[in-house]
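Chain naming follows the written order as A, B, C and D, and within any one chain the residues start at number 1.
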Amino acid sequence: MPFPDGDSEKDGKVLFDWLILPYTADKFFENIWEKKPFCLSRHIPNYADGLFSSKELNRILKECNVRYSVNLDVTTYQNGCRETHNIEGRAFAPVVWDYYKNGCSIRIKNPQAFSKPVWRLCATLQEHFKSMVGANVYLTPPGSQGFAPHYDDIEAFVLQLEGEKQWNIYNPRNAAETLPRFSSKNFDESEIGEPIFSKTLQAGDLLYFPRGIIHQAKSLPDTHSLHITISTYQMNTWGDFLEKLLPATLQTAIADDIEFRKGLPLQYLSCLGLQNSDKNPEMRQHFFRKISDLFLRLARMADVDAVADERAINFLHDALPPYMTPDEKSRTIQGCDVTMASPGNPVQHICDIDEKTRIRVLRKNAIRIVTAQSDANDNSVVQVYHCVQNSRIYHSEEKKSFEMDEDCAPALEHLINSYPSYVTVNSLPLRTDEDKVRYVDISLRERHLGNGEKSKNVANLNCLIMCQL
Amino acid sequence: MPFPDGDSEKDGKVLFDWLILPYTADKFFENIWEKKPFCLSRHIPNYADGLFSSKELNRILKECNVRYSVNLDVTTYQNGCRETHNIEGRAFAPVVWDYYKNGCSIRIKNPQAFSKPVWRLCATLQEHFKSMVGANVYLTPPGSQGFAPHYDDIEAFVLQLEGEKQWNIYNPRNAAETLPRFSSKNFDESEIGEPIFSKTLQAGDLLYFPRGIIHQAKSLPDTHSLHITISTYQMNTWGDFLEKLLPATLQTAIADDIEFRKGLPLQYLSCLGLQNSDKNPEMRQHFFRKISDLFLRLARMADVDAVADERAINFLHDALPPYMTPDEKSRTIQGCDVTMASPGNPVQHICDIDEKTRIRVLRKNAIRIVTAQSDANDNSVVQVYHCVQNSRIYHSEEKKSFEMDEDCAPALEHLINSYPSYVTVNSLPLRTDEDKVRYVDISLRERHLGNGEKSKNVANLNCLIMCQL
Amino acid sequence: MPFPDGDSEKDGKVLFDWLILPYTADKFFENIWEKKPFCLSRHIPNYADGLFSSKELNRILKECNVRYSVNLDVTTYQNGCRETHNIEGRAFAPVVWDYYKNGCSIRIKNPQAFSKPVWRLCATLQEHFKSMVGANVYLTPPGSQGFAPHYDDIEAFVLQLEGEKQWNIYNPRNAAETLPRFSSKNFDESEIGEPIFSKTLQAGDLLYFPRGIIHQAKSLPDTHSLHITISTYQMNTWGDFLEKLLPATLQTAIADDIEFRKGLPLQYLSCLGLQNSDKNPEMRQHFFRKISDLFLRLARMADVDAVADERAINFLHDALPPYMTPDEKSRTIQGCDVTMASPGNPVQHICDIDEKTRIRVLRKNAIRIVTAQSDANDNSVVQVYHCVQNSRIYHSEEKKSFEMDEDCAPALEHLINSYPSYVTVNSLPLRTDEDKVRYVDISLRERHLGNGEKSKNVANLNCLIMCQL
Amino acid sequence: MPFPDGDSEKDGKVLFDWLILPYTADKFFENIWEKKPFCLSRHIPNYADGLFSSKELNRILKECNVRYSVNLDVTTYQNGCRETHNIEGRAFAPVVWDYYKNGCSIRIKNPQAFSKPVWRLCATLQEHFKSMVGANVYLTPPGSQGFAPHYDDIEAFVLQLEGEKQWNIYNPRNAAETLPRFSSKNFDESEIGEPIFSKTLQAGDLLYFPRGIIHQAKSLPDTHSLHITISTYQMNTWGDFLEKLLPATLQTAIADDIEFRKGLPLQYLSCLGLQNSDKNPEMRQHFFRKISDLFLRLARMADVDAVADERAINFLHDALPPYMTPDEKSRTIQGCDVTMASPGNPVQHICDIDEKTRIRVLRKNAIRIVTAQSDANDNSVVQVYHCVQNSRIYHSEEKKSFEMDEDCAPALEHLINSYPSYVTVNSLPLRTDEDKVRYVDISLRERHLGNGEKSKNVANLNCLIMCQL
């Protein structure tokens, strides 16, 4: 697995290229993505070494608070019957392995919460997809199958980590289940027809399939299987975009265009509806033309940018927090050391930021400057959303955002646009040198205690940037 | 006030013509409706006699359970200050008149619940407008004003009943308040500019103004004023129609058209939104064109008939029940007499309906056959909505509807389409003569006790029809 | 049925005596009430004439908005199977009678809402029982039964009005179902054992049974049956009283007595509970003694008067409004005539109350002066609850009450205590003669417009009193 | 701080003795507890070394996800004005220390979640108090005060860790605020009178005060202060016990004793309540006596054991999970190692428990066997509650419990009663030796896959026991 360079979008691209190597991204998105399943036999068993292993799973069970149902499922699929054997509470290693020895499959949900390499992989790929990237890990004992045939609501990248697994892949059952919005139930064999292909994955191999593709897999009689499924693009369609865009656009239209506020024709109920569909065709046509005209007006009024920002905010809520290397972390406020001269006496000047310090934002897509508005004191402010303080547990934190004075926003925009380059503090588009240092120096607070609003802006900004040493 | 002929749509038209006489309906809807205020000085003081009077108000207060705030408001507007003097509980005549003698205005809300002529007027006009028609009555003592300047969210027809009142009329303050969706607050004189005209209404005169037109009125020093305001077309606009149509259409599109289920482009968040509105113009254009294309697809998929039926159902919920004359009522199941031969012994054969009986539905627009579907036992059924059992109190009853076997629906459609003509029972498009009589004869139940579903259809139908004697 | 004298408590007693004649009330409450069923064969078929009849039922169905399920049930009980045949909407006379002719029983729920004699009977008896008195009417065609065996949660007085009905009466099945709090399900014959007696009621006869007594009844083959069941004492037990008293008392004790705020003993969990019930008996005994001691302290602190007032308020909410004769009504504000000198010109002086006018409250138990507190402006006030503006439909109105200045309360207390005697206005314990007339004269408002609070007191009081002419 | 012996109740007692040394527990509970404040100057500055320090705080801020408001407060109290300076999100060390350098006090809420010694102290003391034991840490820069005078709703033990702090202690303001149920607002100096004593705490010193005692403290001009406050006995009073006991007892009484189901006397509303308190004294007395009698009946029916169990369950929900030493942990299922022979191949036999293995429960008061009932399949079961899988974050986990077959319960009771002794598996009161090993051996599952219920019992039990090596 390639090591990150530190430029998040480039890292995301590099990791995606690695994921589908020797295929190429251009061809993938042109021929495969959302179109058909796709399989790569790489014949490099250690291709994904270091990402995850059954040994790592053993460590996690001992050291982490892994809970049945929440983080781990114990399942079987035998004779067409899918069962879940979860008990309550924490999953202790001896119990989980006992299930496994007795033929149960183990699914780790959200392994990125326990495994740093998986976190790194998902957090980096999400800079590429601009959509949440999740993962599940599946451990299957020899000669068994843990799940019934079904389809999912996400784009799936299956990476074989240990052993082998034989996959059967089936086309969607009909047009309505092609690129579906929601996952299927567990299917009976009789409902899914013949597979379009069968394939045995070996360690290092990749299998991709779009949402709606039905699939099932079993381990071979003599070897176990461990794979990770990377998922993305859940609810990330044109339809999802329009579900936000349409109601907002209509409200704008009603407020701004009197055509939408005029009364309906006196007789419209008499020429429309089930009992009138064969009556008064001329009046019906007239009504339909008016409706078409109003749709056209709506299209011209649609505020696409506002909806994009709304979706970006939701993406930042869904997203993993950035994975930072120890070196990266040491150059952020989180990793910055405070020395204690004596008990109760921390060393005075803490982070040595001056006008020549070179800084950048942590990640390209971890921050979004959104709405321009006024705060409670009627100052012009923008709202800044970010995922930097998200938890590795999905949605366990609220959306993170803070207000920033509108005249400080260009400095943050400058930082975002300059990424991945570092820029000096004195190149920030702010008025005075003092402003510039203050903008990123938490010691500002010293001079502003009691002036809460100003201090808050700065404290919040601090967690978004990293220095170059 | 003209006496109804018994053909509800014609009656509605006749009453509307009477309302705006000597102006004509064609000219009214072409030049006035939703466009501008309009005033008729008829010089016929007894033009609306019999509709409502202060004497009738006195009767209502004594005989009916009129409640403060619910049915009656006591108000003053003095020195720019609007006050409500309602107490709690029932409004007794001596107390109300005492308020009045002390300079308070009295507003009767929903007088159609207490006054038969007002009920008749509103219920008949609603057959013309196909939108709920409501009313308020305002009694103002000499030399006073009860309400602050404001605008409403309905089309208003003010009919002067007693005394005189001087009106000041003002244009909407801006484009956004022209044909507004919601009523205004009480305005201060300084907010509304100069009136576009002033006019003193005398008994028999009419004043119309569209929603959004600001108005205020006061009685003259030496005479009281009594007027009724007839209102209609609340929330009955193209925008209201689209609020139902758009979400339904999008759900249909997502289910039926794969274009709406395809993923958004990988980079779309990077070229849209506040911080990106100046970036990557080509990709932005491409995105906007795609959105326009999807709006066009939506327009072609819009199920206008379904939304019209949904609005028709809501209209039937809002609507007043039909006002029936004693003669009409005697020809319905409600007015049909049952004679008691002795205590506990009603005369056996009740309503003499046979195949030659001539029947019609009670009112043209009181019934709507809506969705075709299946009932709990998987029979094909339609849903029939109606306002015949509505209360005269707005929304105090739930929506009224019943299921009807789909093969019985043509008989009801035939009745609706034949209106106002009566048709013989044996002309109904049902299979056998027995079926036809059963269809409208409640005595059917006699043979079907325990066969609930079938009986229900019939019992429900019975309340929708009237016989010709 | 005796005609009311106008003294409500006496009237209530007279009507109750009439109900159980020739038995006496003293003996009834000593030997029968809540103890055992009781039957009176009076042999006076017209004993209850004028209360209700099948002819009156026919009138009600034609003239009133009687709704299935809400006001009327159509039922059968055949071969051990209890069915309800209600359809939706209004119950039209021909349909109801058709059900009846086909063997269905008809139950009128809440007939006091449609029948003045039933209203008068219930409203008057409630002055005797100080607990809500309700009623149901049951009409049964010949040779049938409408209801399964069951018991109720109320004391029931069954008065036969027309025809005959044969009753089977059974003891409660066990101690827990003796005087039960809730009604039973429908029993199967196999669950109820043998009747303790059977009895055929004839017109004029009475049957009483306490809650918990199982009963069923059928009409004879050749005659129909009509009876009314008068019910009272629902949820009116010592347990219901304690359910209010206990939590209030404990809160008082915790606030006022430090013993209740002291910590529990350090080891108490180790000597109590399932797993410790056999451990440390000495410490357990000590704990139990302390608990007993705290119960004794609670008993001494119980504020019985406050709970009685709370229950009185709830009774006034449940209660029927007083039934007033036309003569009585003419002496109240509701029946007081206002003459119109000309349109919009009511005659100035309305109700001629002066200091010599003799007045009393409408009914003894229709008013309750309750809590002493302060109003929003920090004046000392009492709260006055009443049932005078209740609807005849159970709980269709909110609780009715108003504030009264504390120094006016003695006047109202004087009125309540003087009942049934009329007292002159100038005998009211208020300071000045002007105060006394003002207290009851609505014309007070004339001088106080804008002084809302004061006026409200008076307006509210007005509806509670009646003049002597 | 003494090192635990491994017998939890004894350890709790030892740690409490250490806390109040050189005072003794017997005298403390007799003279001080819940009675008055109490101060110990030990003159041993390193008395509590290893419990918590400002250096440890610095480590926690760097390594743990400490959140403003959730885990940490930044406060000042200057010139009678108490302010909170919390910002949003994670508290980074440089920012927190900057606040501190600028005169702000820092409060760590729930330090037991971040510090193992604090967790150990609280978890062990809770075995002594049988009530949740919590903690807060307060760091105050020199010459400042962070909090306004107030009182709390818990028993407080203040242990000075670094520097010095001067305390002012005040009596409760009145009887109602002695041992109060809820904490006070921040007081103004003018509201609290003169202190009953002032005292400067030095490192190693202890201050205790009961709930209701008002207190405030400030650091000296030249030295900072760090102290920890240990709290317990929140809502753990006789009143709290009765709040559960009374309603349950009344429901039992109503169900079992007909006296509680009898009707109230016909006239009771006429002799009780505000307006009747001077009427009919004899009837009032009779009513009061009846109420007293019913209280006595209630006292005799009270099910004290059931309420004790309910409170024990709530205590186990509130409680910290046991702190286990590495040695202890290695003898539990959590610390038991699973070796991987090769990837995907864990070594077969996992925990070597046989009939001679000696086991005990983890902690004396961490488990409670509660209600006897039947499970879904109608087997007799008991419910076992425990705090072993609780989180160190208060209430972040649901109550933990599982069902156990009733015939297995004696084995668990035996284990609880034998604590702190270890017992051999074959001494468990179960039928067969196989049963005994199965009871505690997770390998049982191997033979019972698909027999979910049985396996669950055992898996749950496993986490409650520890082996002796």
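Side notes on the structure shown:
Just so it is clear, contacts are C-beta pairs under 8 Å (C-beta built on N, C-alpha and C of every residue); 3 or more make two chains touch, one makes a residue touch a chain.
Please read all numbers here as calculations on a predicted model, not as lab measurements.
Work out the mean CA point of subunit A and of subunit C, and you get 63 Å between them. A separation of 50 Å divides the Cα centre of subunit C from that of subunit D. Remark: subunit B and subunit C have CA centroids separated by 39 Å (rounded to whole angstrom). Those residues of subunit C in touch with two or more other chains do not exist in this structure.
Chain contacts in this assembly form a single closed ring in which each chain touches exactly two others.
Pairs of chains meeting the touch criterion are A-B, A-D, B-C, C-D. On the side of subunit C, the complex with subunit D involves touching residues 29, 33-34, 128-130, 155, 175-176, 178-181, 233, 236-243, 245-247, 250, 253-256, 258-264, 266-270, 272-275, 277, 287-288, 290-292, 294-296, 298-299, 302, 304-305, 308-309, 311-312, 315, 365, 368-372, 382, 413, 416. Chain contact summary for the complex, subunit C toward subunit B: residues 53-55, 58, 61-62, 65, 83, 85, 87-90, 92-95, 97-104, 139, 141, 162-163, 223-226, 333-338, 340, 343-346, 348, 350-351, 389, 391, 400, 402, 442-443, 445-446, 449-450, 452, 455-456, 459-460, 462-463.
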